[in-house]
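Data first, discussion second: the structure below is written as structure tokens.
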Amino acid sequence: MGKKKKRSHVGDIRLFSGSASSELAHKIAEHLDLPLEGHDLVCFPNENLFVKLHSSVRGQDCYVIQTTSSPVHNNFMELLITLQTLRLDSAARVTAVVPYLCYARSDKKDQPRVPITARLVADMISSEADRYMTFDLHAGQIQGFFSIPGDVLSSFSILTDHLKALLPNMYQPVVVTADLGFAKKARNFAESLQTPLALIEKRRTGNDARAKAMGIIGEINDHDVILVDDEIDTGGSIAEAVHLVKQFGARDVYIVFVHAVLSLNAAERLAALPVKQFICTDTIPIPPDKAAAFGDRLTVLTIADLLAEVILRANQGRSVGALFDE
Amino acid sequence: MGKKKKRSHVGDIRLFSGSASSELAHKIAEHLDLPLEGHDLVCFPNENLFVKLHSSVRGQDCYVIQTTSSPVHNNFMELLITLQTLRLDSAARVTAVVPYLCYARSDKKDQPRVPITARLVADMISSEADRYMTFDLHAGQIQGFFSIPGDVLSSFSILTDHLKALLPNMYQPVVVTADLGFAKKARNFAESLQTPLALIEKRRTGNDARAKAMGIIGEINDHDVILVDDEIDTGGSIAEAVHLVKQFGARDVYIVFVHAVLSLNAAERLAALPVKQFICTDTIPIPPDKAAAFGDRLTVLTIADLLAEVILRANQGRSVGALFDE
Amino acid sequence: MGKKKKRSHVGDIRLFSGSASSELAHKIAEHLDLPLEGHDLVCFPNENLFVKLHSSVRGQDCYVIQTTSSPVHNNFMELLITLQTLRLDSAARVTAVVPYLCYARSDKKDQPRVPITARLVADMISSEADRYMTFDLHAGQIQGFFSIPGDVLSSFSILTDHLKALLPNMYQPVVVTADLGFAKKARNFAESLQTPLALIEKRRTGNDARAKAMGIIGEINDHDVILVDDEIDTGGSIAEAVHLVKQFGARDVYIVFVHAVLSLNAAERLAALPVKQFICTDTIPIPPDKAAAFGDRLTVLTIADLLAEVILRANQGRSVGALFDE
Amino acid sequence: MGKKKKRSHVGDIRLFSGSASSELAHKIAEHLDLPLEGHDLVCFPNENLFVKLHSSVRGQDCYVIQTTSSPVHNNFMELLITLQTLRLDSAARVTAVVPYLCYARSDKKDQPRVPITARLVADMISSEADRYMTFDLHAGQIQGFFSIPGDVLSSFSILTDHLKALLPNMYQPVVVTADLGFAKKARNFAESLQTPLALIEKRRTGNDARAKAMGIIGEINDHDVILVDDEIDTGGSIAEAVHLVKQFGARDVYIVFVHAVLSLNAAERLAALPVKQFICTDTIPIPPDKAAAFGDRLTVLTIADLLAEVILRANQGRSVGALFDE
Amino acid sequence: MGKKKKRSHVGDIRLFSGSASSELAHKIAEHLDLPLEGHDLVCFPNENLFVKLHSSVRGQDCYVIQTTSSPVHNNFMELLITLQTLRLDSAARVTAVVPYLCYARSDKKDQPRVPITARLVADMISSEADRYMTFDLHAGQIQGFFSIPGDVLSSFSILTDHLKALLPNMYQPVVVTADLGFAKKARNFAESLQTPLALIEKRRTGNDARAKAMGIIGEINDHDVILVDDEIDTGGSIAEAVHLVKQFGARDVYIVFVHAVLSLNAAERLAALPVKQFICTDTIPIPPDKAAAFGDRLTVLTIADLLAEVILRANQGRSVGALFDE
Amino acid sequence: MGKKKKRSHVGDIRLFSGSASSELAHKIAEHLDLPLEGHDLVCFPNENLFVKLHSSVRGQDCYVIQTTSSPVHNNFMELLITLQTLRLDSAARVTAVVPYLCYARSDKKDQPRVPITARLVADMISSEADRYMTFDLHAGQIQGFFSIPGDVLSSFSILTDHLKALLPNMYQPVVVTADLGFAKKARNFAESLQTPLALIEKRRTGNDARAKAMGIIGEINDHDVILVDDEIDTGGSIAEAVHLVKQFGARDVYIVFVHAVLSLNAAERLAALPVKQFICTDTIPIPPDKAAAFGDRLTVLTIADLLAEVILRANQGRSVGALFDE
């Protein structure tokens, strides 16, 4: 991973840390051996946010690192305001680096008279930024919502690399997904780990929309189970899934996911489950008290090095895809 | 389904039949008891298309019915040129009615350095039309690629209604999908038909990207199998799937799909399969010679009545969603 | 003010109440003798908002009434999502009714490297709505930030009508403003009430940016003082102003303003001031506990009747300006 | 202020002088030690303008220096046509340098059924240029009318620096403004000069919209008066102001303003006033015959050096804000 | 041509007369039996224009009739400002009626480094209007410069109808054009009048770009000559043409053209030519003194009735093309 | 014509050959001593095209060389898809190099209710590319249809240079055009070759729109005739023209044109004519079997060297116009 200086025609890298991704931004800056740029972020008593850059970015290549986890709308507006500030200050190029993109699950009208909020979000970012970077979108199609080019990165290999090291200690591991919409990605996991695949199916029973029956398609009895998903929110579905696989004879259960949303009491709820290990990334920072609930069963893998490398290549006009093909 | 005259503020309905959807357009016109508008479509020797409307559409509510099946690019350009002609002739509103939308499978960058052609297609339609209508998009997210409102309709209930009548004659029917990306929709099929669900999984073996192993997740031995998909192109995957389910002990096999693309020798290939019935819709017209290959095993259900009703409601400002909720 | 039915070519009025303007929306609906349309607003545990309309708005003239007070960003996103939902459901026209527009004070770059957030806000609304309505913008120029037509209404006459009734009981009343940027509007107040005008001037002293000296330009000794402003946020400036005018010999003090932002402990702080009456409008709802702090010294004048009349005229294609000229 | 050569990624500076800013453009070119680029400007007998560049600007960083004073519309169209010519000739970046922006006073709808022409003007420039530069906008908010980044510069320090040198010879100087909308900027003047502030208030009397009463808020008797404004058009208001302050006991009067519009017989009218000195800038060139009317009482301060420095920094990607903070 | 009242869904016709087309607008209004709407047009001393409508146009179908002849830029800006005023006042539809479109000859880059000003003009109109109407564009392709629909009308039949009545009194008439770019339209003239066609060819001689040789292609000796063109500007080319055809043996000469630009001393120059009749239209008003120069040799045919009929049909959603096919 | 390396701020040249211009692209690459970039172009059985670049173009200056001759719509969509792929892969600049632009003859509404497809085509290219290059547009105005800058190049001098060498062997050569719309360009040809000019005129006779009478304006008897046109499609018009000039006494006939569309059996039809030589360019590749029909009477002049030089200058930010002025 060379860092040789090469004059870029979009100016020099300028890194800005949004308030929601402070730790990640520091890691990226450290990896690149660059400072984080100073800027004031003021939240006035009327909740209006205000940004002021400490120095000019005229003609530079700017990156705003800001995930859009809780408080979601504040973080999202802070992102947009910072992007606009850089644009109006005549930056050569502005890139929105959003490790976790909010509203990605509102990506289609699967019933009449509802919004497609992910397009709204993509339009807003496209209005103020020249490019964007994000991780493991709920649906790959969301990339098509943006009018600007971007890098939709994946923590897939970060997660599978970690899992491969654990495999020798697992017994007949099988990859399981609780979301049929995630079946294809789960298959890729299983393929990479060279394990079988099983799926949990939920369906409505009778006329009551709430009543659900769950079943398992595929074989899990007497297997270690690797439950995979892209994000865990309240942990409700995953808790149901754990109980179900246990009921169907699963041995050890591992939970692997990218985005640690962990709303409400998700941390406590998950920690109480009969799960051997929780493995996720730092696209969303996990507050220390939540992390503590898991004891040593939680492993958070960082995306910082990958992101740093992508930023460097974007600035230098070198291939990002090559990072993943190798 | 009332058809009472109500003065619409977008003018009167004007129906135009594109050259690729002539039969469907006639059925819609018949259902609405309206004429198809006359227009010349000339293909010059240099292949450039030319459109001339027989009468003015100033201030009217125009619908161009044109599917984008083979010849794909000619049909698509004919659609765009017709839309522009109506727009420049000062139509009050122009709606692109595209039962089968081309390039819907090019909807994401699942590898570096490839296009998202579905967004390109959606942008072009959005530039020339005020609204669009289409059927059973490969991914619901494509609706978010359009910058204009539209009605993404589903032939789901047309297909399941037909299947429900066949169910009493089936033995332990099970719904199967050969595409993991279709798992969720297949579950909805199974739920509606109150049958179990099984899935076919393909994965690469070894280093050769071509070598694939196929397996079945779920139970199909001694069941009648209903293979569901959104479209059938060359029929290659579905043929593999039929052989596989037979090998795993399936009894009768039914193939159910929306869009009859049927490229190359798909019709012959399908007709040669040990399949009891083929059920699809007329979003794409099936040429008589291809249809003949299936003998009486092919059932084509029409979307014309549904589409006619949607056009009527769109013109009158009445709910389309209500058509599906009832 | 006639309400005779006249067929509008943008459909019938459909009123939607955002969660931040529930009471105001009900008053408007009551004035127009129309129902509020039903819609679900769900806030998922991950804070993502979701909207679902109870019935179709196809071809109708829709108004979303949502002020953007605290929680500002949630309310603003709710507004945008609701507007998009209506647009995608093929409404004939969508109007954003935002009595108090957030970020209106971030309307210019008065120092380098800062944002113009009001333009960002206006762009977002312009993307999803066809028209907008708002009240007493901090700067009239913000109307030029929108790319869509709109009605920027004023509660000026609602406030001055109320004050005129109080004037006979005042002693030598003088209008005073604590914000030099508000000088012109304060003059209009004074002109309408036929009283003199005085101004409070703040300026930095020495090198310390924080140290301020305040003075009064004009005569207030032995006068009743009417302090006017467009909004009161934390009440800090207005509290300083009250103490200053008292120190310069003011008799009774009245505080008149449009937007009751009342952040932090503003209500308590204001209530503790030697002020005879507080007069404002309901562009922002004042929570009962805050209102209680003022006892009977607080008068909240409603904009509902005016807004209802404007909506009616907008729907019918009649002059709104005429409402204010009369 | 270093001028070291640094390869800019927007190409080399290319300066074009519009016909309305010839002298200013020459001064800027001289300061930068760069030639003005040659181009033909033809006004055909039918008044249509035509531009032809003498040499290619492909890949270069172009600046068109053109103020929009009288003849306003010709100058404005010349600006737009020149910008388009550069854009179509594939310039890397095109900047509109408009020291005085026309229509800046038509910046809001302060009555129904009127235009916001400043937005129209900003939109036109935004369509053809990548960036803009201008001076002392009537309202800072106009910056938000542009969709492109820009530098709104101020001659504030040029004017106050000059005044500070005159202060020792003044007697109890007080800053006065005749426009309440200018109160805040006048306060900044007073603060910088460490003088008091007074304001002139006009208001309608009776029912006749024309009849105005004028008064002074603040103390000016026996003071030297510094009348400040952003522009002087016909000089009518300022003449009234001079007579009023004299009537209220002012001693010497100085008039300070940025933009010398000087329409109709403004020069003669002003020259006839009992004013000691007129101080303005060269954002608009003053024709020699008009300048002559003032004798030696007129001081025109140049913005050329400042503008040259800003252009240089814009090209090199260095901070412009820093020029003003120092 | 019926004028029966039919409720249009774009509101009622509202006619506005720009200052350059007052007489034409009155004729149109008279033909339609509708009033011209009142609006103030103020030209401030600083040349900035200001528009104020006398009454609201909310929800109405507005037409601004303004030609863009001398003073070209003032007239053009007045047009744009009026269009914006109507748009911001929430008109249902705004149509720019521009009988003579300025800059139509700057329609291509026929040499490097020049503008395409007609596109600039079309873009500006497209930004503020929903539709446009104009007459006999210099090149039909300019219609493609607009992003909005429009009606490019032709006075062809008005002119040829008039000529046909004169033909019996002519001797062996031949149509001649002095502009090779007008050859095709001249042929249509000749075809309609059933006369032969001849062309005047100019070409450069030697190295001097100015030196031109002129010749005639086709037969004119002993013929009456009908010289046709789309517009006459200074009359220089047409004067040369008259002398040339006379020199080649022409008998009586008639000059027929659409747009009477008549810059500089064109009227006098033309009047001095050995021409029997001048026939043109009123797309541009001819000032009485210029008209007087021609004595009774000038015939101005009005486009008002045609334009009125087109406006009526546009409002009612009836075919305009039908007007010309009949 | 130097090719010295100069660091461009839009990255390095990357050449892509579309499937319709393979030979031309190779010649350009050879001239520039650069490789053609590798990319896969797949046409799936359902006719959908798919592009995958072999290596990243991040930050590079990309040129897609693709003419839009038959199969027109496939070639055009391939062009657009390739442009989008490059844009989404974050190229610094993307240029569409389209030697022959399809639909250029659908450039105006010369009758009601028809499209302006050339604008549609220009809009699509403008959406995906930053710049374009093309040759000898049917009408120069089409350049104004694009919203992006471009280079509309001419093979004029390539053709006239070749003809000048032939002139000494011709007898009284005269330039003739069969299309009155081409009269001006034909005059330029004649002027450059210093020959006279004649024109063929077609007109309708009687009421039958099909019946045409043809005549010649100008002198050709006993002259060698150089028939010029911009493109030859089916060859129908040109065949008529050849017969006509022969009938009017022409001696040898030469046919000179830019774009060899050659639809249907044009090659055979042309080859059968009494024509001495056919001279054209390679903006469209002529298949060997078609070329063979002409024997040694066909001369194809290449535009590759000119295009290569233009690409080089575009990349380096040097004048392209200068290439033609010299």
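By written order: A, B, C, D, E and F. Residues from 1 in each chain.
Throughout what follows, a contact is a pair of C-beta atoms (placed from the backbone, for glycine too) under 8 Å apart; a residue touches a chain by one contact, two chains touch by 3 or more.
What you see is a predicted model; the values in this text were computed from it and never measured.
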Worksheet item: Chains shared as neighbours by chain A and chain B?
Response: C, F
Response to the item:
Shared touch partners for chain B + chain E come out as C, F
Response to the item:
Across the interface between the identical copies chain A and chain D, with over half of residue numbers shared counting as same and under half as different, the residues used are different
Worksheet item: Measuring centre to centre with C-alpha atoms, which chain is farthest from chain E?
Response: A
Discussion item. So using the touch definition from the top, which pair is joined by more C-beta contacts, D-F or C-D?
Written reply: C-D
Discussion item. Need the CA-centroid distance for the pair chain C / chain E, whole Å please.
Written reply: 50
Practice prompt. Provide the C-alpha centroid distance between chain A and chain E, rounded to the nearest whole angstrom.
Written response: 62
Discussion item. On a C-alpha centroid basis, what's the spacing between chain D and chain E, in Å?
Written reply: 39
Worksheet, complete the sentence: Among all residues of chain A, those touching at least two other chains are 7, 9-10, 55-56, 88-89, 109, 111-113, 116, 119, 319-321
Worksheet item: Pairwise, which chains touch?
Response: A-B, A-C, A-D, A-F, B-C, B-E, B-F, C-D, C-E, D-E, D-F, E-F
Discussion item. Using the touch definition from the top, list the residues of chain D that touch chain E in their complex.
Written reply: 44-57, 70-74, 76-77, 80-82, 84-85, 88-89, 102-103, 105-106, 109, 111-117, 119-120, 123-124, 127-128, 233-234, 261, 263-264
Fill in: Residue numbers on chain B that touch chain A, as the complex places them
107-113, 116, 118-119, 139-145, 152, 180-181, 183-184, 187, 190-191, 197-199, 201, 203-204, 217-218, 319-321, 324-325
Fill in: chain B-touching residues of chain E, taken from the complex the two chains share
8-10, 131, 149, 313-314, 316-322
Worksheet item: If you look only at chain E, which of its residues touch chain C in the complex?
Response: 9-11, 55-56, 58-60, 87-90, 92
